[in-house]
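Structures incoming, each one as structure tokens.
You will see subunit A twice below: alongside subunit B first, and alongside subunit C after that.
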Partner chain A sequence: MENLIALLVAAPLLGAAVLLCGGRRLDAVGHWLGTALAAASFVIGVVLFADMAGKDAEHREIGQHLFSWIPVEGFQADVAFQLDQLSMTFVLLITGVGSLIHVYSIGYMEHDERRRRFFGYLNLFLAAMLLLVLADNYLLLYVGWEGVGLASYLLIGFWQHKPSAATAAKKAFLVNRVGDMGLSIAIMLMFTTFGTFAFGPVLESTGETSEGMLTAIGLMLLLAACGKSAQVPLQSWLGDAMEGPTPVSALIHAATMVTAGVYLIVRSGEIFNAAPDAQLAVTVVGAVTLLFGAIVGCAKDDIKKALAGSTMSQIGYMILAAGLGPIGYVFAIMHLVTHGFFKAGLFLGAGSVMHGMNDEVDMRKYGGLRKYMPVTFVTFGLGYLAIIGFPGLSGFFSKDKIIEAAFAKGGTEGWILGGVALLGAAITAFYMTRVMLMTFFGEERWQPAPDPDKAPSVEPGIEVHPGEMPHPHESPKVMTIPMIVLAVGSVFGGAFFSIGDRFIHWLEPVTDHAHGHPPISALAVTMSTVAVMVIGVGLAWLQYGRRPVPVVAPRGSLLTRAARRDLLQDDFNHVVLVRGGEHLTRSLVYVDHTLVDGVVNGTAATMGGLSGRLRRIQNGYARSYAVSMFGGAAILIAATLLMRAV
Partner chain B sequence: MSFLLTATAALPALGAIATAAVPAAKRNAAKWLALIVSLATLVLAAIVLVRFDPGGDRYQLTESHAWIKDFGVRYELGVDGIAVALIALTALLIPFIILAGWHDADPLETGNKRWRPTQGFFALILAVEAMVIISFEATDVFLFYIFFEAMLIPMYFLIGGFGDRAHEHGEEAASTQRSYAAVKFLLYNLAGGLIMLAAVIGFYVVAGHFSLQTIAENGVPEMATSTERWLFLGFFFAFAVKAPLWPLHTWLPNAMQESTAPVAVLITAVVDKVGTFAMLRFCLQLFPEASKWATPAILVLALISIIYGALLAVGQRDMKRLVAYASISHFGFIIMGIFAMTSQGQSGATLYMVNHGISTAALMLVAGFLISRRGSRLIADYGGVQKVAPVLAGTFLIGGLATLSLPGLAPFVSEFLVLVGTFARYPVIGIIATLGIVLAALYTLVLYQRTMTGPVKAEVEGMPDLRVRELVVVAPLVVLLIFLGVYPKPVTDIVNPAVKQTLSDVQKQDPKPEVEAAK
Partner chain C sequence: MNPVNYLYLAALLFTIGATGVLIRRNAIVVFMCVELMLNACNLALVAFSRMHGNLDGQIIAFFTMVVAAAEVVVGLAIIVSLFRSRHSASVDDASLMKL
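Our next item is the complex of A and B:
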């Protein structure tokens, strides 16, 4: 069985290699090949899962050592895999949702001339993501970590001729690199502290070093997680990442890659358990982001950006739970999985809507679509009910548990974190109801398709005739079937995991689990969660359901305007980092040209008249080159001869 | 006693003479001759690689003959793992450089103002190869010095004589700037060399011989602390100019900007490596105490190089200058790794020399192909190239990703080793150096974005994709970048024992981890 682990990664990697190097001959079959290899990886995952489930809880972890990667004195980095229940959960999520999205993309990307390359990148992403969750040490995890970043970069910028897409791709990579600094430093700290960075030895030895060291490592891991999972203060790239094709937003920027930060923290649980300060920082980042994303989500008129705000916010919940320690790890992962279903489903639904609406993304120009796209409406609606935590659906179980665990942290912190999580649930209900109402209900506010030359934001690859009114229609089966499957997961996933505490028993041997004791009864927490959800839905209905939605966005309050601009974080980045950086580099270019060059030349002048000669050369006296040249050669030859003579 | 090392250096030297002697009418014959000679040299280098036993003596395949008896100068060759790795790199890159520069020295179609000796171009490249290889092989300080200096002469002609054809200000201005760059290169390096010459003589006065092999057997000669420090500085200065280290770097952007892309690769990927190699071989081995004494200052300069080079790369408008400043940043990493004096740092630094050679070659040669199509080095003159030439754009991106040390590609392994090796002894410097990975992503991706993405510029339309000859150059480099990123063991196995030796020369041990973790 162990030998199958490498195949999990190898199948999509082979797909990427063949599709990207294969050339135009493969254009006709590329998408089928890519999908088949993703599915193959899923099948291998299921086989491994069946095998794992058959063993008793304590003996489920298996590993595969492939080869020694960087053999240097005192430094051991291996290409070796570890498959335990936590990795298994991710493997099934990644390959399962990944395969569905491959299928969906066959339809979605049908008219794109570079579809083969798109599938190559998707396969590359799967391979890197699987490497990330299967690595048995932090350095190999880093390879997967950057690999998914590369795939994300390539896919956000897939329509490279759009300057906005190219800029968004670069931004995502750069912001992630800041996070990578954190991961690098964390690995270096582990190396100097433990002499290794393999999961097993590091996580077993946490008791032998100081809390300060563990806090430092924990904070650096948190920085890494902030980058990859779009948490404050490194969240700014995710909204722009929506420039990528919608299946990419569903797979990478909702269901899988952006949750890698949660994986990193839960995987490093032993480090955080022994470093309460780092844990506190994790919960604060989670709490701040869950509000930040939710507020941004309320103000966006672009359906994908509203969903992106929502993703940020939901990952905030997961990070918050992961910061709570053993009372939260299991629920962080459970929410991660259910979120993977419903958010992927929501994005695919959004893609389906765009498909039928001339690629319009502005929800103010939708309205009344439920009659025209019934399957999309129902599947999107089920995803909607799941994310707002409608009782009985997936999100209800997983989010409620996180809110409960937040209260259970105890003390003032517990009340604050629990309160924030509750407030977030209300805002979630608000913005998601807003999306639902603006898209599928109300009057039809459709607008003629813009001229693609004037409005470069239109997704290319789909035929749009300028000036034509949209003819909303249901998407083909190849797109709706994945949506239906994900809707089923959104409805039943949470209940399936929660009945008999299945998910807790499954993950407990890896992540450890402690039962939290909230200061108020669990029932009261659940009641309040449902109550705030109803309030959120009600408020949204008052504003967007009862009243007509204006096609042009009203000016809005100060907060709305700030939220539309991602709470001004980009403006801050632009003024401080971009402008400041430009000034810095420009002045340095000047300094290098005049000062450093000048001083070095000048110093040399005092020693050998170098500067004078150089100045003359600048003036273009051709003969002086020759003189200098001969001078140099003469010195050389003279020196050699002199040595011989001595 | 074998003549393998002599042969490896002599073959390209003889090849250079033969190539230069080809009559002007048979330009193509000269090219093919040079290519064949460089490939044969690669075969010899491969034999060196195979014959070298990583577990064996420190210096292997040694040759030793008296040369200038009165003065104790010997013709003495021998290679350790570090030298073998770098000889292999050199022999590997030269055929690609020749192939990439296939048309760079063709006579100008119009005007015919300047005579461009095609055979000369290729002969000079082979001459540089020969001198670089023998510099890596020489275990006699004076023998090393001769070739360390002599390689300036062919380099001078390569920089000054053959530039990019098109130039925004016309051929006249281009010629002036080229000459300026060439002379600046020469004078900087000669200045370094002269100071080194003084130190070489000084070393002889103290030691009475020039032989590294003798030192390996009998230990470092006794010398007063101040003498050792002065001599160390003399050697180090020359190597720091060549590497180059901040603030002695300003010749490199000029030289790389003005020369053709293959020559720029020759400078930064091959010739400059002699500088960092010599730091490892001569500075550390001849002057261990002084090396340790100077370490803090050198580390700070290396750190400045890393950050400063990267920041300046961000600010460049000329893509060849950008690559030059990126290289300055990378040389900072190499020097930092050497002077961190840890196994990871020095193995990483050696690996870095190899990987930087390959990655810069990939990036710079593709940039050269791009420049030859449009006739401009300015980044702003491009845009949307990926739409018209996807393979060119793809390989350019891979070269760029290697330059920013993407995990999975070779430079990541070496950069991480250098960082971790530095961090183990100097945490603050290690952490600041980590900033380099963010800046590297910035200059690389901005370069890619501005040239390759966005709407297709009118001047770029109709630009042909990579030709077969260009693909033959780039594809093997890309394969190597991936292979050595996944499986660097073949190189580390050769390098590790030599690093262990060097560390024992300076009597440094790796810092122990705080906790002996359960393995």
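Our next item is the complex of A and C:
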């Protein structure tokens, strides 16, 4: 069984290599090959899962040592895999949801002439993410981490002819680099502290290390997680990443990429458990992001950007839960899995809507689509009910547990975190209802297709005639079936995990679990969660359901306008980082020119001037040489006599 | 006679020679002044030899004479060829490495 682990990574990696090197000959079969290899990886995952589930909890962890990467005395870097319950959960999520997105992409990218390359990138994305979650040491994890960054760059900028897509890809890559810096520093600190970076030795010996060092490592890991998972302050790339094709957004938001940060923190749980300050920082980041994303999600008219804000907010929940320690780890992962289902479903639904609406993304130009796209409507609707935490659906179980755990943190912190989480749940209900009402309900506000020359945002390959009204239609089966599967997952996933605390028992051996005791009863927490959800839905209905939605966005309040600009995150980055960086470089250039160059040039000028003067002595007159000789001899003799006298 | 007097004489001759080297332009005269300085040194060496009662100074004086003889040969040859090329025996005229 152990030998199968490498195959999990190898299958999509092979797909990426073949598809990207194979050339145009593979254009006809490329998408099938890519999907088949992703599915093969999923099948291997299921086989391994069946094997793992058959063993008792203590013996489930298996590993595979593939080869020694850098075998040097005192620096042992191995390519070795570790498959435990946590990795297993991720493997099934990544390959399962990933395969569905592959299937969906067959239909979605049908008219794109670079479809083969797209599938190669998708496979690369899966391979990198699998490497990340299967690695048994931080160095190999870092390889996967960087691979994910590369694949996201390639996919976000897939329509590279659009300057906005190319810029968004660059932005995602650069912002991620900041986080990567944190991870590499954390790994270096680990190596100097523990002498190794394998999970086992590092995480077991946290007890013997000073808390200060652990806090430093924890904060650096948090920085890394912020970059990859789009948490404040490194969140700005996520909204722009919507420039990529919609299946990519689904993949980034549900199965790969943004979940990596949560994985990193949960995997490094022992470090955070021993460093309460770092843990507090994690919860603060989670809580801030969860509100930040939710507020942004409320103001966006672009359906994908609204969903992106929602992802940011939901990942904020997970990071918050991961920061709560053993009372939260399991729920962070559980929410991650349920979120994987419903968010992938929502994005695929959004893609399906765009597909039927001439690639219009502005929700103000949708409306009344439920009659025309019944399957999309139902699957999107189920995903919507799941994300707002409608009782009985998957989001309800996982989010409710996180809110409960946040209250259980205890003390004032517990009340603040729990309150923020509750408020987030209300806002989630508000903006998701807004998306739902603006897209599928209300009157039809469709607009004729824009002139492609004036609006280059139109996705290529799809014939759009300027001035033509959209003819919304249901997407082909190859797109709707993955949506249906994901909708089923988002309906039943939470209940399946929660009945008999299955998920807790499954993950407990790896992540440890402590039952939290909230200061108010669990039932009260659940009741208030449902209550705020109803309030959020009601407010959204008052705003967008009862009254007609204007096609042109109203000016809005100050907060709305700020939220439309992503709460000024780009402006902040521009003023503080870009301008600051410019000033810094300018002053460094000034110092370089005046001080460093000044010293060098000054030395040269002094030498030159001195030589010019000394040159005059060499005048060619024998008698002046004779004078200097006599003078020199006289000085020597005088000096000798003087020394004698003294 | 007091040997120190020979040293005074040697110093006087040396000074005359040195002054000549510094102030005269004619290469032949400069050359002769150099000889004067050499021989002033020889006189001083011999005087010291006498004062210290050993022969070291006298032997060095012989060396000096031999070297001076060689130097005269080379030096005169140079002066003659300089005079032929520049039609002048002034040392100041020969201030450049080229003609």
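Definition applied: the second predicted complex is superposed on the first by the 575 of 646 C-alpha atoms of A that agree within 3 Å, B and C clash if a C-alpha of one lies under 4 Å from a C-alpha of the other, contacts with A are read in each partner's own complex, and residues count from 1 in each chain.
What we mean here is this: a residue touches a chain if its C-beta (ideal position, glycine included) is under 8 Å from a C-beta of that chain, and two chains touch if they have at least 3 such contacts.
Keep in mind that this is a model prediction, so the values were computed, not measured.
Of the two partner chains, subunit B is the only one touched by A:74; subunit C is not. By the touch criterion defined above, A:212 lies against neither subunit B nor subunit C after alignment on the C-alpha atoms of chain A. Between subunit B and subunit C, more residues of subunit A are touched by B. Contact with subunit B, but none with subunit C, is seen for A:150 once the two complexes are overlaid on the shared chain. By the touch criterion defined above, A:392 lies against neither subunit B nor subunit C after alignment on the C-alpha atoms of chain A. Comparing the two complexes, residues 620, 622 of subunit A contact subunit B in one case and subunit C in the other.
Across the complex, subunit C is touched by residues 619-623, 626-627, 630 of subunit A. Contact residues of subunit B toward subunit A in the complex are 68, 70-71, 73, 142, 146, 149-150, 152-153, 156, 160, 176, 179-180, 182-184, 186-188, 190-191, 193-194, 197, 201, 246-250, 308, 311-312, 314-316, 343-344, 347-348, 384, 386-387, 394, 401, 406-408, 412-413, 416-417, 419-420, 423-424, 427, 430-431, 434-435, 437-438, 441-442, 445-446, 449, 452-456, 486-489, 492-493, 496, 499-500, 510-519. The residues of subunit C lying in touch with subunit A in their complex are 18, 21-23, 25, 30, 91-92, 94-97.
Contact residues of subunit A toward subunit B in the complex are 20, 67-75, 79, 139, 142-143, 145-147, 150, 153, 157, 160-163, 165-167, 170, 173-174, 177-178, 180-181, 184-185, 187-188, 191-196, 200-202, 204-205, 208-209, 213, 581, 584-586, 588-589, 592, 596-597, 599-600, 604, 607-608, 610, 613-614, 617-618, 620, 622, 625, 628-629, 632-633, 635-636, 639-640, 643-644, 646.
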